[in-house]
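The structure is given below, and queries will be raised subsequently.
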């Protein structure tokens, strides 16, 4: 190969002595600044939306806040006719329906996740994961439709009698059941939160390093023992996060619950009785709200729902992050 | 060390109790899968069984008949849904993509963390509460219900999904590609749009379609924004019918005729959603093959 | 036609860490200058300071005087305008993945507002010819994407892209380190021919490569320019002991 030449060579033929095609181009630094600002503004929109939500909920509920104060959430008389509003039945209904949903959903969701991650043959994993996610894609109103015409009659026919007979002594399954009940709401809610709990559980289980499983197996454990000690124990925080995320979803779920819970603002111990949730009362009565106090009370219920779901979701996010990512990812350019 | 301790025969077998436990758990896990899949199958089966008979040309092209009369359709609801979704996309997609660009290209800092976190918070707000906000901002200001209000509510719900998807896709673009553009003296905004975003296009579109599929079936935020409408409406400033609202009204109404139409409407809705999700999956798998480094 | 490069008292930092100290160097027009040194010595940083790419890294900054021909790089014009006059080829070939071969070569022009179709065609063809890639791609210019070429071809494509804007200077940051020996050989030949039109600065960790393509060589160590002279002299009779130690392989 030719070596380096120490003497400077004369310039090349004249055809090269032309100006660069970009010689006349101008760069305007303003454009970059404006673009950066526009993008920042979009980011601010996100902040503004949450801020706006909070602001509107607080200002538009101030009427009832001043009228009832904290007692709003411990009174159980919801009487629009006489302008008396106590939101306890809704708080009770929301909590009970969500807890019931979790009681049913958690074992099933974790079971499905365990099966998909640790037990299913490789070819089955994808399709199974896909179908559980398909459950998440079904709109709430279709769940409600199906619940009204299929779930509730089935439940009334086949589940209510034995529950009343064998578990009636607990006080949870007493009284007549016309189908539209807390029980129905709990069941349909459970079906709706299973996909999210299952998906998070799968994610955190997969994040557990393979060495953990191998270490337990090497000690002579059965498969279940390996799962219990090597995987579930490590993923505990994340699974908890998934459950709380499911709780967050259940608390805010509106349509399906409204369609089967009976919409009666009463507190009853029995799950056979109808109930009412915070989201449901908003769905049912918002457009009928005559009078400012009525509307303001409803919005106060909305505010409470908003705050509770935010807190629950934050806790859940933190728990899930602690397992899957350590500290939240900052930059990885 | 005695030989007896090392011989194979003296290793204790796994106790029966442990083996039973293992088997039981496997059985329970399978049972869980069956129990979870059962409603899925049941729902789809019923939708088809109860809905397919009612879907015909009249159903798809006519608005509802007056109460009590048989027949009629949900054409106005289909059109209304398209109108509301269109308005929502016009508002939600640009803001979502813009916020995503901000997070990926300008937001690798504290402020960006705040925005990122807030987007996740916004994602978890119950849809009915979003409806209240849209009511407060649009309906109260305008003095009436409208498709615009409904679109605004759905747009709020689209933003977090699109933002996070856009951010993720942009971060996947290798930094050397940006550097190549900077090295050529391309300005930052041009690089971000023509190079970085262009490279991430298929992923971003996937994110948008996912957000779309998610809000297509939403009912709660429309209850007191778009409100619903018995008749045709193409104006963004009037109450408008929507497929999900119509299903809700019919399902909770007292007439068998309405119930029949609820099933049919639900079948149409679920078909649209499944189609969107499948399109997303196809686009995603093709995208990864095409844009491979 | 290339121009000379003058660097005076160039200093550069990554946050608080100083990466370059008081670099002074003059590089001749239409020649190839190699920049060598062990890993972490600042050679890449130095070259990236010449076209202000160093600034694109968060919390990085540079001070000093760099003149490329009549351009005062750090005083006056914006970094973006500077980079339109200087071409850069990176370590790992980085063609734009969504663009065809034609669009890749034309990218520097089109994205900066130059759209004259006929001249673009001419420039693309000439750039690809200068990069010894024309014959291999002339039939699939618009059909194949830039990313579908082999590694060596991609790097030649990147060279074509860099020279299409007719820069004053061509900077190359270890352009062959990701390539196989045959592609490396082709690119070295290319550098030899490009020298006639551009001033080239090439960073390399391969001393043999430096002695093959460059007339002048600068040896960097720990952020300082230790010695700068004709390549022949650096590799046969270096003045500084540290240079000698590096050349003979005692470290690095």
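All chains are identified by letter, namely A, B and C, in their written order; residue positions are counted from 1 within each chain.
Throughout what follows, contacts are C-beta pairs under 8 Å (C-beta built on N, C-alpha and C of every residue); 3 or more make two chains touch, one makes a residue touch a chain.
The structure displayed is predicted, hence computed values, not measured ones.
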Q: Please indicate which chain is farthest from subunit B, where distance is taken between mean Cα coordinates of the chains.
A: C
Q) Which chain has the mean of its C-alpha atoms lying nearest to the mean of all protein C-alpha atoms shown? A) B
Q.
Could you work out how far the Cα centre of subunit A sits from that of subunit B, in whole Å?
A. 13
(Q) On a C-alpha centroid basis, what's the spacing between subunit B and subunit C, in Å? (A) 48
Q: Mind checking the centre-to-centre distance between subunit A and subunit C? Centres are C-alpha means, answer in whole Å.
A: 52
(Q) If I count partner chains per residue in subunit C, which residues reach a count of at least 2? (A) 80-81, 84-85, 108, 112, 165
**Q.** Residues of subunit B whose C-beta touches two or more other chains
**A.** 108, 185, 187-188
Q | In subunit A, residues with contacts to at least two other chains | A | 22, 27, 32
Q.
Going by the contact rule set out above, which residues of subunit C touch subunit B in the complex?
A. 51, 53, 56, 58, 80-88, 90, 92, 94-98, 107-108, 111-112, 147, 158, 161-162, 165
**Q.** Of subunit C, residues touching subunit A in the complex
**A.** 1, 28-32, 78, 80-81, 84-85, 108-109, 112-114, 116, 119, 123, 165-167, 185, 188-189, 192, 195-197, 211-215, 230-232
Q: Can you check the complex and tell me which residues of subunit B touch subunit C?
A: 108, 174, 176-177, 179-188, 190-191, 194-195, 198-199, 201, 291-293
Q | subunit A residues within the subunit B interface of the complex | A | 22, 27, 31-32, 34-36, 38-47, 49-50, 52-53, 56-57, 60, 107-112, 114-116, 119, 128, 131-132, 134-135, 137-146, 148-150, 191, 194, 198, 220, 222-225, 227, 248, 251-255, 259, 279, 282-283, 286-287, 299, 302, 305-306, 309-310, 313-314, 317, 328, 330-333
Q. Where on subunit A does subunit C make contact in their complex?
A. 1-6, 8-9, 11-12, 16-22, 25, 27, 29, 32
